[in-house]
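Pasting the structures here.
Two complexes are shown next, each including chain A; its partner changes from chain B in the first to chain C in the second.
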Partner chain A sequence: MEMFEDAVDVLKKNLEDAILEFRVPKPRKAYVLLKPERHRDAISLLLKQVENAELSTITGTDLGNEIELNYHMACGGTITIKSRVPREKPVIRTITDILPGANLYEREVFDLLGVIFEGHPNLQRLMLPENWPQGDYPLRRDWKPHANQENSFVSEETSQTETEDLKDAGSIINVIVGPQHPVLHEPEMFSFKVDGETVVDVEVRLGYVHRGIEKAAERMMYFQNVYLVERICGICNAAHTTCFCQAVEDIGNIDTPPRALYLRTIIHELNRVHSHLLLLGVAGHLLGFEALFQHVWRDREPVMDIVERITGNRLMSGFNTIGGVRRDIDPNTIEKTLKTVKEVRKRTTFYKKVFEEDPTLRLRTEGVGVLSRSDALKFCVVGPVARGSGIAMDVRKDDPYAAYEEIPFNVVSYKECDTWARLMVRAEEVLESLDILDYALSHLPSGRLRVRVQRKIPEGEAVSRVEAPRGELIHYIKSDGTAYPYRVKVRAPTLANLMAFPDAIRGAFIADIPSVIGSLDPCFSCTDRMAFLDTKNGQKWHWSLDDVNNSKNRKALI
Partner chain B sequence: MALDLIFLVRTLVFPGFIFLLVLVLFFDWFERKVAARFQNRMGPSYAGPFGILQPIADYIKLFSKEDITPKQTNKLLFVAAPILAFSFFVFALFYIPIDGSNVILNSSFEGDLLLVLLLVTLANFGIFLSGWASLNPYSGIGATRVLTQFLGYDIPLILLAIGPAFLAKSLSIVNITASQSIPFVLLIPWSCALFIIVLQAELEKDPFDIPHAETEIVGGYETEYSGRKLAFIKLSEDFQFLIGAALVTVLFLGGSNGPVLFGMPEIWHIFWFIVKTLGVVFVLEYVGNVAARLRIDQVVHGNWKLLIPLSVLSLALTIGIEPLLRSVIG
Partner chain C sequence: MAKIRLPTMIKDVGSCIFKKPFTREYPAVKVQVPEGYRGRHTFDPEKCISCGLCERDCPAKAIELVEVSGKRMPKFYLDRCIFCYQCAESCPRDAIKLSTTFEMSTTEKKELLILPEEFISKQKVTTDEGK
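Up next, the complex of A and B:
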């Protein structure tokens, strides 16, 4: 917390001449509007002054005449550095040379809002298909899906593999993992260049599960949007709703009752427990340890039952709402939950021991997919991936929300920086989460469940962060005083962690691909949420094996 | 004429082709059921009592599926390789004395142990070719992995198989089985344990199921196969599994030897053979279910640096204490 105040002081002192506006409306949330082109100074200053400072994301907002770029810097709290560019000539200097982790975020803003980042090493589309019409930026306010959308597409047959550097050369062959592949539970494409069994390089292509949620959110009312953001991701749905509701409550100055905050914490932690157990099971599956996979998933089931008992649903809880939560928890359920927590703790302790001691598991995970601490900071990774690289960052501790300020728990971190460390972080975090559940259930305050909230939310903006199972999740909401949000921006943890993947996998073996991808716990439906595509255009990339085999014949079928 | 009839019946019906097919399907079911129980699953449950007909149902399904041959493959190899592998395995199984003698009577000869090992090796090349002919990156990697892994396990496998042959003073499987009044596993248990581990690699079971590691390279060498040809590949895998388990039975567990309680001795021979082999399958599945999949480099390193020296040591030890053992055998 002191970290945040120091950072604010440093900014105020050193950039006095550049600051146009400085607001700290809530503890640990600062908004700084800077003169054009001064954002680089502010960011490099923060990186220098604050230990473990990272860029959470970049939000682009179309203000009509100008496009506002918000650089959300995580340093204890969130300092949002704002810089505006004219809409007619949206050009701004890149920050990728200061912070390589900004790469994907800048590409995303370029893709969806058409802002050009000068000096970016690879300013290409991130989410939209390559043949999306030029000059069509879906997140600009005046953009509408046109009727003749289909015809305006560039009809040339372009393909990902057509690019020169993806063609087979000598002993190096390309192995395409995805969009459909057993290692991926969601469609995404990784193109690996492989020499024998060694991975030389990898290219990641996102965007196969676009649902245009950010655009859709602008056309729905706030309370409807709670259910929309819940559907960004099934497994961490409580994280998304908590984050969204917090942001709206922040703008509307709504005081959420303490009992609701505790209940949110409980459901959020249950989410984390079953998400981490799911991943540990999947890790077993990816490493060819089927028995471990089946057993972990069996023991995950009681947690799902508890979620169902509390919220009425196994997965999509529909539990949070703006101003509180929708259902109460009765004493019987508390008792049952405590019993399950005990049971799950016993099993998780055992699995942790398995991951610690099993020789074949250690052979496959130790020293594999190494992501050093400095690289992790450079690429701005979050969550268990960062904690596996020795960075003890956790939004629950750094920027406490819901009931975390009152609940004691430890931030788990490992210094090994490899796949094993990332898995161990998750195993141990499950145990911490179970302790949190224990505490929250036995210290549940009484009182109201929620406060009534008006449909219209006053003008304002808010950044909200939560620690989703996969890492820091950030929502940014801008309100123009109506019942509909002006802009909703979501950055899911996977997008932050994906940047680090090529670095972690280079030089590894083909056999390590699944375990390294798995240890990042990618959730692509979270990652691909922002572009707007109609169903026809949604299905862009098809692969036939002719394409893969024959470099002359490679083309994507449309 | 009478001789020919016996020959035909033994080759085609019992204990030849049809009997082996039924046996293989039964072992397939047993393996799946055991693996499922290890993993806290039900396993096959619906087709027939305890799901015992599930393998047959699966093969019927495969045979009725569309059989696709991708355009760019080498058609001849693509079709021939699975059949080749399958026939090699069946041929090898004909030399395993299931009811006390070979499938083809009196075909046993001094050195048929080596022939069986050779046939298994050749069949593995058939599997390699099936992947290579597919012209698919996953199949290609799977096929090279078959060969790389083969480089690792084949030498220790043969070295370890020599142990029992040395004790029996014969390279004929029938003779090796016949001389086990005390099963060799009691005399040279270390050799048997090593043999089972190496066999795990030969059978592509965890922790050595690298050539078709589904989370890495989808289906490995069988990615492109479908329908009847896939059925042949699956069948050859099942046959390979039976051969592997049967080799442990005949080399270390005394094959079809066992007490004859009443009635025809042949029935009891078959009974003991199947019971012992099922025991071996259980052990193989157990090993396969308590380990994660290793990496190909780890397997090759492990085999050359660990298993080959160990097999040589085991063989040396067997030869060294052979006089002592012989006095035990009597």
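Up next, the complex of A and C:
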């Protein structure tokens, strides 16, 4: 917390001449509007002054005449550095030379809003297909879905760079993994450059499950958006809804009742427990240890049953809402949950021992996929991946939300920096989560579940961060005073971790690829956020939810 | 080289040989879903005041108001429904309720419709029986 205040002071002192507006509306949240082209000074200053400072994401917002770029810096809280560029000529200096971790974020803003980052090493499309028309930017406010616009699509052709990249050169051979189910059951393409058995480099192509959720959110009311963001990712649904609701509550100055905050914490932690257990099981599967996979998944099932009992569904909890939670928890369920927690703790302790002792597991994971601490910081890595590289960062501790300020727990971190460390972090975190659940369930305050919230949310903006199972998740919401958000930005943890992947895999063997990708626990549905493909003529276009439900278009879909 | 150790999991795996399988014997044995499970909707036409809030609030646009025997009542498209039960929450008269029916898979798309008639006829049958 002191860290945050120091950072704010440093900014105020050193950049007095560049600051146009400075607001600290809530503790640990600051918004700084700077003169054009001064964002680089502010970011390098923060990186120098604050230990473990990282860039969370870059949000581009179309303001009409200008495009506003928000650089969300995580340093004990969130400092949002704003810089505006004219819409007619959206050019800004890159920050990738100061912070290589900004690479993918800048590409995303370039892809969806058309801002050109001068000096960016590889300013290519990130989410949209290669044959997407030039000068068509879906996240600009005046963009409308166009199914049949003439000449809008370039015929099927792969971009020049991609074909060049895929040529084999000398002893280097390209090995393409994906886009169908690389490692985990989600579509993403990795092209590995391989010298013999050793991986020399890797390129990642994202966007296969890009659904345009950020654009769809602008057409739905706030309370409806809760269900939309929940569907960004099944596994960490509670993290997304918590994050979204917090941001809206922040703009609307809504005080959530303490009981609701505790219940949110409980469901959030149950989410983490089953997500981590899933990954530990998958890790066993990826390493060829099928028995471990089956056993961990068997013992994960009671947790899913508890989630079903509390929320009404195994996965899509639909639990959080703006201003509180939708359901109460009864004493019988509390008792049953405590019992399950006890059982799961016993089993997890055993699995942790397996990961510690099993000689095969250790041989396959130790010293594989090493991501050093300095590299992890450079690429702005988050969550268990960062904690496996010795960076003890956790939003629940650094910027407490929900009931985490009152609940005692430890941040787990390992110094080994390899695949093994990242798996161990997760195993130990399950135990911590179970302790949190124990505490929260036995200290559950009484009171109301939710407060009534108006449909219209006052004008304003808010950043909200939570620690999702895979790491820091950030939502940015801008409201213009109506019942519909002006802009919703989501950055899922996997996008942050993906940037460090080439660094972790370099020098590893081909056989280690699955275990290293697995240890990052990627979730690509989170990362990509709708494109339709007409199989008859190969045309692609984007539709919003309204268009999908439009009966004419529905026929076309069927 | 370290001494050869038995893998930690071997005992655990071995003991499973003599246990019953963990998987449930569905569909031979019916699965008990917890109370409060968000399954297929039930609707009470008597309580409905045709306000249309459910249609307006549905995030998946899965509800359409249709005219049945002179009253506008919701028709549910289960193929679009995301089972969030915002409709039940928005309903001022509690006319929409959830049920624990989860077996909804079908090969016919038209079976994924809940028409208000379904509940009207059922009520008539029960009152007829009462007589």
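One rule holds for everything that comes next: the second predicted complex is superposed on the first by the 516 of 558 C-alpha atoms of A that agree within 3 Å, B and C clash if a C-alpha of one lies under 4 Å from a C-alpha of the other, contacts with A are read in each partner's own complex, and residues count from 1 in each chain.
The rule we apply is simple: a contact is a pair of C-beta atoms (placed from the backbone, for glycine too) under 8 Å apart; a residue touches a chain by one contact, two chains touch by 3 or more.
Remember, it's a predicted structure, so these values are computed and weren't measured experimentally.
Asks: Applying the document's definition of touch, where does A:Gly288 land relative to chain B and chain C: first, second, both, or neither?
Replies: A:Gly288 sits against chain B, while chain C stays out of touch.
Asks: Would you sort A:Asp358 into first (chain B), second (chain C), both or neither based on which partner it touches?
Replies: both
Asks: Considering only the touch criterion stated at the top, classify A:Asn313 as touching first (chain B), second (chain C), both, or neither.
Replies: second
Asks: Go through the superposed model and pick first if A:Phe223 touches only chain B, second if only chain C, both, or neither.
Replies: Only chain C is touched by A:Phe223; chain B is not.
Asks: Which partner does A:Lys35 contact after superposing on A: first (chain B), second (chain C), both, neither?
Replies: In the superposition, A:Lys35 contacts neither chain B nor chain C.
Asks: Answer with first, second, both or neither: which of chain B and chain C does A:Arg326 touch in the superposed model?
Replies: second
Asks: Now for A:Arg140: first (chain B), second (chain C), both, or neither, which partner does it touch?
Replies: Touch partners of A:Arg140: none, neither chain B nor chain C.
Asks: Given the touch rule stated above, what does A:Ile513 touch, chain B (first), chain C (second), both, or neither?
Replies: Only chain B; A:Ile513 stays clear of chain C.
Asks: So, A:Arg298: does it touch chain B (first), chain C (second), both, or neither?
Replies: So A:Arg298 meets both chain B and chain C here.
Asks: In the superposed arrangement, what residues of chain A touch both chain B and chain C?
Replies: 291-292, 295, 298, 358, 360, 545-546, 549
Asks: Quick check: in the complex, which residue numbers of chain A touch chain B?
Replies: For chain A paired with chain B, touching residues are 173-176, 181-183, 194, 197, 284-295, 298, 358, 360-361, 363-364, 509-514, 545-546, 548-550.
Asks: Would you mind writing out the residues of chain A in touch with chain C in their complex?
Replies: The touching residues are 220-221, 223-225, 227-228, 231, 291-292, 295, 298, 301, 305, 308-309, 312-313, 316, 318, 326-327, 350, 353-354, 357-360, 545-546, 549.
Asks: Spell out the residues on chain C that touch chain A in their complex, using ranges where they run on.
Replies: Contact set of chain C toward chain A: 2, 5, 7-9, 12-13, 22, 33-34, 36-38, 57, 59-61, 80, 82-86, 89, 98.
Asks: Using the touch definition from the top, list the residues of chain B that touch chain A in their complex.
Replies: 35, 38-41, 70-72, 135-138, 140-141, 206-207, 209-210, 213-218, 224, 289-298
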